[in-house]
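Both complexes below contain subunit A, partnered by subunit B and then by subunit C.
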Partner chain A sequence: MAQVIANDEVELGARVSGGPAEVIRKGMSEWLFLVPALVFFIGYQVWPIIRVLWLSFTNFQLLSDKPSQWVGVDNYAQALHDPLMWASLWRAALFTMMFLPGTIILPLLLAILVDRVANQRLATVYRVILLIPAVIPSTLVFVLWKWMYNYQSGPINHLLVDTFGLFTLQNAPQWLGGTALTLPAIAIMEVWWGLGYHTIFFIAGLAAIPKDMPDAARIDGANEWQVFWHVTRPQLAPIMMILVVLRFGSAMAVIDEYLIFGGFNRASPTYTWTIFMYDQAFKTGLWRQGYAASIGMIGAIAMMFVMAALLWIFRPKG
Partner chain B sequence: MTLEADHADINALRQEPSSSVGTAALRHVVINLFNLAILLPLAWVLLMSVKSLPDATRGDFWPKHFDFTHYGFVFQHIATLPVNLFNSIYVTTATVLITTACAVLAGYALVHIKPLGSGIVVTALLISLYFPVRVVSIISIYQTQHWLGLINNTSGLILPYITLQLAISILIMRSMFQLVPHEMFESARVDGAGHWRALWEIGLPMVRNGLVVIFIVNFVAAWGEYLFCLTLVDDEAKRTMPVVLAAAQGGQGQWAWPNLAAVYVIVVTPGIIAFTLAQRLFFKGLMEGALKG
Partner chain C sequence: MSGRNEQEYLLQEAARRELAQGRIDRRDFLTRSLLTGLGLTGVGAVAKSGITPAFAADRPLTPTFYQWIQDLHPGIPAVNAKFPGINYQIAPVEGFGIERFVAEAKNKESTWDVYVGQTPFVEMSAFIKAGVIEPWDNYIPKEVIDDIIPSIRAECSVDGKLYSWPFFLDVIGTSWHSGITGKAGLPDAAPATWDEFLASSKKIVDSKAAPWGATFDAHGWRSLVPVTHSMSTKAYTPEGLFDFTSEPAIEALKLMKQIIANSNPDILLEGSSDAGVNSTTDEEAFKSQRVGLYFKYFNAPLRMAASWDDPKLLHLGPLPKFTNGEGSTVFWTTGCALFKYGQNKEKAAEYIKALTYDPQIWKDSIVGTPGVHPGQLPPYKSIYAGWDSSKPDWMPPFVGLVRSQLDRAKAIDNNIFGLQQFVIGKPIWETYLKGEEPDPKVAMTKVMEAVQAEIKKG
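Up next is the complex of A and B:
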């Protein structure tokens, strides 16, 4: 079907020439291949964001019978005066700070090690093992770690209580459920999840470094650390920048993990701006989606602002 | 010439004579410690799924008595399990096929047709990677689905699922098609083939590795999606398997730990096996396009 249309369009374009109608028709046939992707991209990404932006200036409540009204910046004013807005942004930032260093430094170290494995078969085995977590779908990673961290029957507490005897059954750490340990616990899980994928990222970067560069430095008497700092690190800088910015973005906007591990207790460290938004939009009262939209926009704009700053800080120099 | 071979050559040259056996051994020890950290949680679940019930409560890593009946039990006694599994397979297959088709067509068009304004499309796709689209858009996607009558509808999930990795898939295909010389398509079209045939007969075989990457990326995204399924679908029987699994509390009865673990193994294994089989093509694709994109 699509083939027939495509061929028709191409033939039409080739046969007739000139005229404004023809230019439009040619343009349409050229866009034809982009139409399916754009329908979904605009319908489920661009339009929803525009609509959320619009909603954030109204008092729309999904379960209310009353028609919604334009309220200007009232939602934003209310959110910015709510201490919970600031607390929830700070909690997201806190999680990001726990997660980001580990998810950059450990894979970098691992990549340098794996990159030097000369045995071809062994190197392949290593890379396959490392990438296994990356092909485990997100929810299944969370379910797995929900069990790992389980208070009574999880293997982590089993190790701490029964094997090492560091805790008793009464004072064993309560990892999940919105305790002080929940954010570090999620950060550890996220580092585990991204470890292999980020390592492969860095391995690709290392492979692109001309091998005579580190060798020349070694001949000049540089030790391994100096080689890393003065040769390898600058070469990896572009990849590191992309990783830092992308992971900063995903860490600030975490939501599924908090839904599964944290719940809707407002005092929980997992009650970040994403959960605040979700709570207002789908849980509380008459689903104040106008207000929720403003919370979402504040969170999104705040993190985009930092990401732009990061891109500027790490911009290629010279 | 495979990538692994390339890599081995480089590594062989890199081995400086001064590097002793000791440092090499240390290197392997450290790498394998990381590997162990990755594999242990998975091994724990696998062993849990074949533990006898008393062993499961004891908490020992290695079971005293193996019991392989849990796999049969979960299919017979957990009422919604076959339906949930079917939902997952159905939604994921549809998502992967539609997204791949969209991404191949768009990637080809952005490189080899280049309609006026395609630069704007690429910019918009790139920006969407940095904006928390999924989180913020959930509010109005709920309204869109409501308006389309797709709330609490399993098939309705396919629509937002397609966009989960659509932008990155298009960008991957775009960088794959950039590796194919323009002249190859030109000459095919001079011979009378349309864009469609040029893409199907010449383009697709050339971007095979990239296809593997976006197959896997989209499979992982759709198979494990949580937020949309939780928000847009209420009935347990209409949800996908991972979302039901995330809500299950381990304990007694049908959700005893070995049963939960058995369901987990059933759900997680297909992806890992598919990846292991396709890993050579996957890595090639990653190196060629995905990481550059």
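Up next is the complex of A and C:
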């Protein structure tokens, strides 16, 4: 340790020996390598956000030939007073609450089971099977599940009606099209789609836990549940935090699935704030993009608050 | 969840197909991939850099088609073969989405020259407002304009100028599964009145000939409007909006509720493609041979019956009417829009004329080809006159029936809210259909109020 510190001190001395100008010169060359990435980041990530923020303070309508005008916070006031804004945000939150546990509980359970498989070849086979949905292109996933959920000819209703006789043709579940089952149906599809991907996260996390910790707990008399709760779970907390925060963001921002499975019916559970925003920006009237931008900003700010709360809840403790 | 949307995937796949077929080179493919991947932001950025205009300067004729048109009309490639070098493409317009066209027009450019897939009451007003399209009048031959059926020409015109070159005609009529109606002991004929329609529907269910008696597409322009027109076509406001509170519209809504009593339970749900407007529940029910009577534009039952064991069991007829009603229905055309900032406009007119007059396309559409049977009809008087004077042996009866209905049919008025008024109103009038609101007039008044509230926002 002392030698490492000494080496660092020598290196630091060598760095500053040329004076501040030398330090700046050497730093500039390192920054130059970052320029392409910065240009792309600013141009395609930061600039669109700034532009949308600016749009949200105007009455810009894409189809209109009138120049747009600054309206201050009028769009925000209108959105916040619009019952559809709150209804659509709540629907997205509802979907997220249905979806998020599926990114933690089931993948974690599967990861623990796969981790306990002694035969490594068999464990690899299980991992490959779990990852199959993750490599299917999105449009094929949508086609597959549209067929699965088809009221007339889908295999799920065929099993429920024709095979098990649990329902009749009159009262069989209506999975898609804007019923109360539509959000859970989409959540199930998403959980299935991401199962392998999330499980791999936990498998990696389990592999990083030193084996002597759970062994020591068992020696001390802890049962399997206690080992999991007091040893394994805290070690996996950083991974859970990453998954929950990332998946919260992507779940709240879902739009493709709602466009495909729900459309623009405002009473549908799939008419979330993203669809509301898209509807206002590209479908309704003269395409009120200023108003749509304010909807987007309100949704984004709400998400940021929740993400901050999630980061605090799942923060590494001790 | 993928961040890549379906539109970008379709565009990318279309480009890949063209590269594989040798219709574009690798440079074109990479450029299109860049445009597709970057989305609208990229279109603006790339356009300003001058890449797109540079490519547009000497490009071949570039028409773009709504995907379903290519799927339903296999005769299009033969017409394309007469235009060597044509740069045929599929349009990024899932769910009637036209934002790509509008975004390009705002940059005063267009990747394409002509769009085949425009329905006047759906997007034509928005195209005109945004300066995306221009009239065909300077390019379409006079004999073609004069040949268009007058009601269709009126549908496709704004201020006397033709903004949509009509291609496919759809009319809402009745169809039935004659196996089911026969089993129920019903005559093999279209119900003449709505009372007969309701009685037949009930009989189908009571006799257990099928689980459900009748079905329809719950989107307003496919059900509420034609039923309203069957009573009266005087159901529009001076501004060109549908008058939901008119007596014909309210009677239509009441009738729809009566039909629903013997319909598939999911009849009011959204479809499963094209943002809910296609692959609808009525189509699924009719395709599965679980319903006897159906009213929709004819290409729907024709497509669904294609998968039956015996498609000949499908019979077609006119829409019923209310007793003492006008007996009209609704029609619309799918037509071609000329991009204001496109190129090759004279060539585009030549191409569209060849396409719309092609006899093989019409024969295939009317008779069907293996796998598809759209049943869409031409918009020109001369074509019908030719068939009248020398009837082809392949001509089925429904063509004459549709042609005669067209003289009584009315198109939905063009308005920037032409389609949206029905999208906004559907969940509200459905409160009556579901029994949540007992009074249809109250429900329809709320629809009008909601539509007016949206119009006020601009």
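In the analysis below, the second predicted complex is superposed on the first by the 277 of 318 C-alpha atoms of A that agree within 3 Å, B and C clash if a C-alpha of one lies under 4 Å from a C-alpha of the other, contacts with A are read in each partner's own complex, and residues count from 1 in each chain.
Quick note on the criterion: contacts are C-beta pairs under 8 Å (C-beta built on N, C-alpha and C of every residue); 3 or more make two chains touch, one makes a residue touch a chain.
Being a predicted model, the structure only gives us computed values, none of them experimental.
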Assess the superposed three-chain arrangement around subunit A: do subunit B and subunit C clash, or do they fit? clash
Tell me which partner A:I136 touches in the superposition: subunit B (first), subunit C (second), both or neither. first
What is the contact status of A:A267 with respect to subunit B (first) and subunit C (second): first, second, both, or neither? second
Between subunit B (first) and subunit C (second), which does A:F95 come into contact with in this model arrangement: first, second, both, or neither? neither
Applying the touch criterion given at the start, work out whether A:F276 contacts subunit B, subunit C, both or neither, answering first, second, both or neither. neither
Mind working out whether A:L34 is in touch with subunit B, subunit C, both or neither, as first, second, both or neither? first
Per the contact definition in the header, classify A:D256: touching subunit B only (first), subunit C only (second), both, or neither. both
Per-residue contact with subunit A, leading partner among subunit C and subunit B: B
Looking at the overlay, what does A:G177 touch: subunit B (first), subunit C (second), both, or neither? second
Just to be sure I read the superposition right, which of the two partners does A:M148 touch: subunit B = first, subunit C = second, or both, or neither? first
Identify the partner contact of A:E190: answer first if only subunit B is touched, second if only subunit C is, both if each is, neither if none is. second
Which positions of subunit A sit in both the subunit B and the subunit C interface? 43-44, 48, 62, 137-139, 142, 146, 150, 153, 255-256, 259-260, 282
Contact set on subunit A toward subunit C in their complex: 43-44, 48, 59, 61-65, 137-139, 142, 146, 150-153, 169-172, 174, 176-179, 190, 193-194, 250-251, 254-257, 259-268, 282-288, 291
Subunit A residues within the subunit B interface of the complex: 2-3, 6-7, 10-11, 27, 30-31, 33-34, 36-38, 40-41, 43-49, 51-52, 55, 62, 106, 110, 113-120, 122-124, 126-148, 150, 153, 155, 158, 162, 192, 195-196, 200-201, 204, 207, 211, 214-215, 218, 239, 245-246, 249, 252-253, 255-256, 259-260, 274, 277-278, 281-282, 289, 292-293, 296-297, 299-300, 303-304, 307
Touch list for subunit B against partner subunit A, complex: 4-5, 7-8, 10-16, 27-28, 30-31, 34-35, 37-39, 41-42, 44-45, 56-57, 59, 61, 98, 101-103, 105-106, 108-110, 113-116, 118, 121, 124-125, 128-144, 159-160, 162-163, 166-167, 170, 194-197, 199, 216, 219-221, 223-227, 230-231, 242-243, 245-246, 250, 257, 260, 264, 267-268, 271-272, 274-276, 279, 283, 286-287, 291
Touching residues of subunit C toward subunit A in the complex: what are they? 1-2, 4-6, 9, 38, 41, 45, 95, 97, 99, 102-103, 106, 126, 129-131, 211, 264-266, 269-273, 275-277, 279, 281, 284-285, 287-288, 290, 416-417, 420, 423-424, 426-427, 430, 454-455, 457-458
